[in-house]
Amino acid sequence: MPYVNIKVTREGGPGGAGPSTQQKAELISGVTELLAKVLGKNPNSTVVVIDEVDLENWGIGGLPVPEYREKTNASISSTQ
Amino acid sequence: MPYVNIKVTREGGPGGAGPSTQQKAELISGVTELLAKVLGKNPNSTVVVIDEVDLENWGIGGLPVPEYREKTNASISSTQ
Amino acid sequence: MPYVNIKVTREGGPGGAGPSTQQKAELISGVTELLAKVLGKNPNSTVVVIDEVDLENWGIGGLPVPEYREKTNASISSTQ
Amino acid sequence: MPYVNIKVTREGGPGGAGPSTQQKAELISGVTELLAKVLGKNPNSTVVVIDEVDLENWGIGGLPVPEYREKTNASISSTQ
Amino acid sequence: MPYVNIKVTREGGPGGAGPSTQQKAELISGVTELLAKVLGKNPNSTVVVIDEVDLENWGIGGLPVPEYREKTNASISSTQ
Amino acid sequence: MPYVNIKVTREGGPGGAGPSTQQKAELISGVTELLAKVLGKNPNSTVVVIDEVDLENWGIGGLPVPEYREKTNASISSTQ
């Protein structure tokens, strides 16, 4: 009966358009197995929902992901 | 003041592209009436958000919905 | 297969400690029936989760609910 | 380490297709600063996710937003 | 950078008061490893939040869990 | 009409039992002002819900927060 919501950025996978069908299937089966193993939950009533979020809709460090990565990469290259 | 989030798979409705505008309106009014009737909540401050989720992003029984249905239908027809 | 999350303030019900067991049962059955009627969803795979939120953890009009109600009631009585 | 989810209707911004990239960046930085100021949270572990919801998927007053606004505007003009 | 929310009923674990500290630690590490393996996500920015929900606040089959189980067990024993 | 959900760990504030009433009021007013300023949203229909999560229910770096901090502090002191 568990409900699991996985939010990831819409990147990677084929054409960079987000996780592939295969990857999403692996996340669903992996999480369901984990809950069966750790808590004995019934896979048939375990619900998993995957949300894919556009990069500019995801913030970290006070910046949208694209800007955060730009800033992080710039600071790395400035120390090289 | 209640907040209700309804997550459904993106299927059914016109062209199978998810619930129709009319169906979503019925869900919104139905849930709002239910909260007014059961808890006396004010419809004008009852927020309802409907999320439509792609079939391959929804897992049940450790499988994405399309594969789960395939497996379920196969096991049904094998018993006929 | 729908997943419905209902968030309400922790008030009303017995002792004002939030919706009663009976009221929560009515919300669960009402929402499940609504999804079966409008979208033909199977009740046996419809998950409903009710979250009860402390009044000071719920904001409206820029204020926690207790202060918002105080302010609203004060402005009502000032117009009487 | 906070996680903030902001759900807004998909409107406004360029072409009315939802908040602009700039507006979303302002929401992300504003929320992150607020959590740093009020709770001393580390911006680098503050996650903000913005969800944009279609108008017909958002209900208020028992109606989808487009119908709610129509009804509200009609009642305003009837009192003028 | 993924955000994973796991909702489970408040049962099992020591004294039946919900998953044990150890079980929750296993869920956190298992989900984080899964996201690193499948999507190459950095564990240090993978956030996992576990919500424990009272049985009467969780609905399935149109009933709160306690009633649903009663009904299911009754129908099983009636077929024995 | 925005809905904002803020999840923070249950720490800090009076007695370390989570944000104080005053801090939560500041988060509510701050977020509501931000949405009014950036997107012109009406404070009276902006809903903010704050969830406080037990430390052992929050995972980062594959560990529950208490263990993550122990590990991080140990590695810091080992470099001093």
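Labels A, B, C, D, E and F are assigned to the chains in the order they are written; within every chain, residues are numbered from 1.
Quick note on the criterion: contacts are C-beta pairs under 8 Å (C-beta built on N, C-alpha and C of every residue); 3 or more make two chains touch, one makes a residue touch a chain.
These numbers were taken from a predicted model, which means no experiment stands behind them.
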**Report entry** Higher-contact pair (C-beta pairs counted), A-B versus B-F
**Finding:** A-B
Query raised in the report: Of all the other chains, whose mean CA position lies farthest from subunit A?
Result: C
Query raised in the report: So how far apart, in whole Å, are subunit D and subunit E when each is placed at the average of its C-alpha atoms?
Result: 30
Query raised in the report: Just curious, how far off is subunit F from subunit C if you go by their C-alpha centres, in Å?
Result: 22
Report summary line: Taking each chain's centre as the mean of its CA atoms, subunit D sits from subunit F at a distance in Å of 19
**Report entry** Shared interface positions of subunit C, touching two or more other chains
**Finding:** 1, 3, 7, 27, 31, 45, 47, 49, 58, 60
Query raised in the report: Can you list the residues on subunit E that touch subunit F in the complex?
Result: 21, 24-25, 27-29, 31-33, 43-44, 46-52
**Report entry** subunit B-touching residues of subunit F, taken from the complex the two chains share
**Finding:** 1, 3, 45, 47, 49
**Report entry** subunit C partner contacts - residues on subunit E that touch it in the complex
**Finding:** 7, 53, 56-64, 67
Report summary line: So, in the complex, the side of subunit E touching subunit A is made of residues 1-9, 12, 19, 23, 26-27, 30-31, 34-35, 37-41, 45, 58, 60, 65
